[in-house]
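Next come two complexes, and both contain subunit A; in the first it sits with subunit B, in the second with subunit C.
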Partner chain A sequence: MNKTRYNKFRQIREILVKNSMFILTVISLVFALVIGTSLYFKSEPILEKQSIGTLLGGESWKPLKGEFGFYPFIMGTIWVTAISVLLSLPLCLLAAIYLSEYAHPYVKKVVYPMIDVLAGIPPVIYGVWGILVIVPFISEKLAPHFVEFSTGYSILAGGIVLAIMIIPLMISVFIEIFDSLPGGLREASLSLGATNWQTIKKVVLRKSFPGLAAAVVLAISRAFGETIAVLMVCGNVSEVPKSVFDPAYPLPALIANNYGEMMSIPLYDSALMLSALLLFVIILAFNAISRLVLNRIEKNFAL
Partner chain B sequence: MIPNILRVEKFIDVSAEKLHVEKDSVDLAKANQILLSNKPHIRVRNLNVHLTKNHILKNVNLDIPDKAITCIIGPSGCGKTTLLKTFNRLLQNSPEVKIDGEVLVDGENVHGKNANIEEIRKKMGLLSQRPCPLPMSIFDNVAYGPRIHGIRRKRTLKLIVEKYLTEVGLWDEVKDRLKSPASRLSIGQQQRLCLARGLAVKPEILLGDEATSALDPISGKKIEELFLKLRDQYSIVLVTHTLRQAKRIADYVIFMYLGEVIEAGPAAEVLNNPKQKLTQEYLSGNFS
Partner chain C sequence: MKHRSIKKVEEGIFKGLMIIATLTIVISLFMIVVAIVKRGLPAMSWDMVSKIPSGGFYLGKEGGLLNAIIGSVYIVIGSVTLGLCSSLPIVLYLNLYLSEKSRLAQVTRLSFDVLFGIPSIVYGAFGFTLMVYLGLRSSLLAGILTVTILIIPILIRSIDEVMRRVPKEMKDAALSLGATKSEIIKPMLKQVVPGIITAVLLAVGRGIGDAASVLFTAGYTDSIPTSFSQPVATLPLAIFFQLSSPISEVQDRAYAAALILTFIVLLLSIFARIFSRKFSKNKI
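Moving on to the complex of A and B:
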């Protein structure tokens, strides 16, 4: 008798636990939906006044005249992100390969925690350091070789600072991926007489490619949204950049710089909400597309 | 073990120098209670392996005979797999692992300073406990070895793939889907694929680390039959948990216990007529 009651209690508890966890999961996902819809409703006024084409394609940003062109900001975001990924990806990949496949265990023991510490440094510190070191370096040493004049506050400075910020994140995710491969895989290749490098190139990288790609997508998403460090070194000029030495004005910086005065000018608040929505949509679309591509790759790659 | 007696005549015409070496090793082997009728292919001398503070292999002296099946038996944790991995240096060269002593393959010390690791490993095919197909197609799995050793011609590769897939009895099962991922094969087929992949680099030695223990009985039997078929061409070393497997296919048996070689010799002698008390107890199932 007692036993059946206990069993019933266990079953009820099972149902409770399962359902409550389901509800919590739904709640966490609902937030994304709520943010998206509220951004949409807030940006509706400007979408009613002006067509989406002129907003996205327009190059002039004059809130006082009611001109809101987002093109320079979108380009600024893409430029800075692209440069930071181009700079950090090869470095991270090779460093992660070295650490997980070649490095002496003592080196690993010292370096792994250091990378985690780097990942924990607040962005504003990277930003200040960028102003102190990267910006003068670009304006005094690098830019004179390529262009007539640059203040140093530029896409390149933003890209470099951002790259340095995502390096620890990317390396530690890459290492995690490499270390999670079954050890038998490397043994199988090595036992056939392959060198370490052959094994890495043909087996390790191949097997971990979907994971690596997912990690890069994650890093890019983070780079898209990074605000403060980029804002500090990018120059924040609302013009379409023509070279990497030109200043840029990424979307997150636009929001962060202007949210204080957005109530004083008509439609300004709506325009800023739209830029937030744009950022939101860009990141969502980017993630969705890369997910689709990754699925296809996994299917056709014979993994 | 009739096949061994038949095979003795192969070794009559060894050169004088080799005879000398062999006599030497036979003396050593006798001192360590190892009796060989085949000439040794792998010779282990005073091998000690430490992992951190654990003494995993204790002063191991062994001769692995050429062109025969040698089974290493013993309870779990006795160092069988570690011993096998010292043969092709798959024991990670990390500071935690300390290896002393010699493993001589064709007279060359595997753990010597100038040893060419890749060449040594190429000489030994490895079959692990769970089949581990590489993340590529069936064809590319078998062609992987030849490719990394520099064979590029498509025709040659095709011939190699067909030859070794046929050798392991997999060709008829997969010839229509050579391009599909190896991971879609059944686990038994995967293990035979791994064997074909190992054979494709033309090894002289096959190492098996409980190669049948993860397989269903029928697939396991197929692998065993393949070993029997291949023993005229390769020196086969198998770590095995199942005594019955050793009884079925071993020409030589090495019994290990707690990192030491307790007894080694022709299968008939060790399995039917063990000299050591520990071996007797293990064989009669008193511990496992």
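Moving on to the complex of A and C:
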């Protein structure tokens, strides 16, 4: 008698646990949607006043006069991101090939934890490092060879700092992709008389190209949204940059820098929310695409 | 004969380049740590970690960073607790009730992979809108909530990775003995304790170092908060604000704060390493 009651209790508990977990999972799924819509509603006032084209293409940023042109910020973001990827991609590719194809297990044992540590360092520390090392280096050593004057707070500084910041992400995804390639492919190539390097060039790199591209997109979106480090070293001048030694004002820095004062100026908070929405949508799309590609690769090679 | 030597030279050149690239990455890590230590160490003192800022602190007078250290600890403890409470059920649901191939499981995993990539400034902006909507001011509570949102994807992704590797036979054995699925939760969790600890350490590292998410939500203050509705200082913001000061003593404190933060983060990643030795897959 007691036993049946106990079993009934177990069944009810099972149903309760299962359903509450299910509900929580579903809530977590709509979460991205909630973020997106709330940012959209917040940025609606400015979208009603001005067309998205004039907002994105406008060059003048004068919130007091009601002019909100995002073009300088978008260009700043693109410049900084492009430089960081250009700098880190060759480094990561070479290092990842070395670590997965050539390196002695002992080397891996030493280098992998270091990459992990690099990944764990907070952005603000990278920013401090940028101010201590990179900014003076650019203004004193590098810039005088090319331009008359640069404070060092520039696109290049932002690009270098970001490049170091995205290295851990890029390199670890690269290594994962190389490691997931079936060993038979390499052996087939080597047994035909190809050297190690020829195998890498003609087989490994070619076969893993989609994955590498997805990893780069992932790294781009990381660089795109990085805020504090960029804010600290880019100089934050809202003009379209002309050279890499010019200061820039990337979108995330714009949001972070202006939050305190925006309340009193009409449409200002709406404009900032619009830039957050832009970041959110672009990065969401980039991430979704590259994750889908990476998942597919993992599945195909898992056999 | 000649062809072969060209092949060898090419391979040699590229191998050299690869070694240089790997060394560059390793050296840049050391450069960062050395630069922070070199600048931060002279500014460090016992007062820095044991006192809150007193009058004239921002003009270069007495005081320390205790407010920011305690604030960061409060935020991290709060958000990791909340984060675990909401991410453990989700991970358990994925692994206990859903099969590997189920649509819901795939979509959920993908969505957390994607949320993991969303920059913290967007979470900060979202947290701020939420705060305004609820009528909250910048406070400890708002900071905790925003950081929780930030670290949930980290927790879920890394706990899930470990839990997926719990042998299916274990579940089957328990079920065949008549256990309900919810009764397997306890043994399942026991299996993945090291994985959970690693995930928590990763999340703490991310949460304690992130500035963009707490910038508008947690505020900044010179005192240690005594309730959830008071604003709270954090280490990354202490660095960020004090570095922009023109007074060099105040800047020194930013470097001291940077040293403290770097030390904490390095310690965390060493511990995470020790716990995850058995489960060594990349979690970035």
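Quick note on the criterion: the second predicted complex is superposed on the first by the 254 of 303 C-alpha atoms of A that agree within 3 Å, B and C clash if a C-alpha of one lies under 4 Å from a C-alpha of the other, contacts with A are read in each partner's own complex, and residues count from 1 in each chain.
Throughout what follows, a contact is a pair of C-beta atoms (placed from the backbone, for glycine too) under 8 Å apart; a residue touches a chain by one contact, two chains touch by 3 or more.
What you see is a predicted model; the values in this text were computed from it and never measured.
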Which partner, subunit B or subunit C, touches the larger number of subunit A residues?
-> C
Just subunit B (first), just subunit C (second), both, or neither: which does A:Y106 touch?
-> first
Which partner does A:L94 contact after superposing on A: first (subunit B), second (subunit C), both, neither?
-> second
Identify the partner contact of A:R206: answer first if only subunit B is touched, second if only subunit C is, both if each is, neither if none is.
-> first
Which of subunit B and subunit C A:G184 touches, first, second, both or neither | first
Could you look at A:T195 and tell me whether it touches subunit B, subunit C, both or neither (first, second, both, neither)?
-> both
After lining up the shared chain so the two structures overlap, which partner does A:G53 touch, if you call subunit B first and subunit C second: first, second, both or neither?
-> neither
Set intersection of subunit A contacts, subunit C complex versus subunit B complex | 195, 198
Would you tell me which residues of subunit A are touching subunit C in their complex?
-> 10-11, 13-14, 17-18, 20-22, 24-25, 28-29, 31-32, 35, 38-39, 42, 90-95, 97-99, 102-103, 111-129, 131-133, 164, 167-169, 171-173, 175-176, 195-198, 218, 221-222, 224-228, 232, 252, 255-256, 259, 272-273, 276, 279-280, 283-284, 286-288, 291-292, 295
Touching subunit A in the complex: which residues of subunit B?
-> 88, 90, 94-96, 118-119, 121-122, 124-126, 128, 130, 132-137, 140, 144-145, 148-149, 179-183, 194, 197-198, 201, 207
Complex interface listing, subunit A residues touching subunit B = 104-106, 182, 184-185, 187-195, 198, 202-203, 206-207, 301-303
For subunit C, which residues are in contact with subunit A within the complex?
-> 7-8, 10-11, 14-15, 17-22, 24-26, 28-29, 31-32, 35-36, 39, 86, 89-90, 92-94, 97, 104, 107-108, 110-115, 117-126, 128-130, 133, 149, 152, 180-183, 185, 202, 205-206, 208-212, 215-216, 236, 239-240, 243, 254-255, 258, 261-262, 265-266, 268-269, 272-273, 282, 284
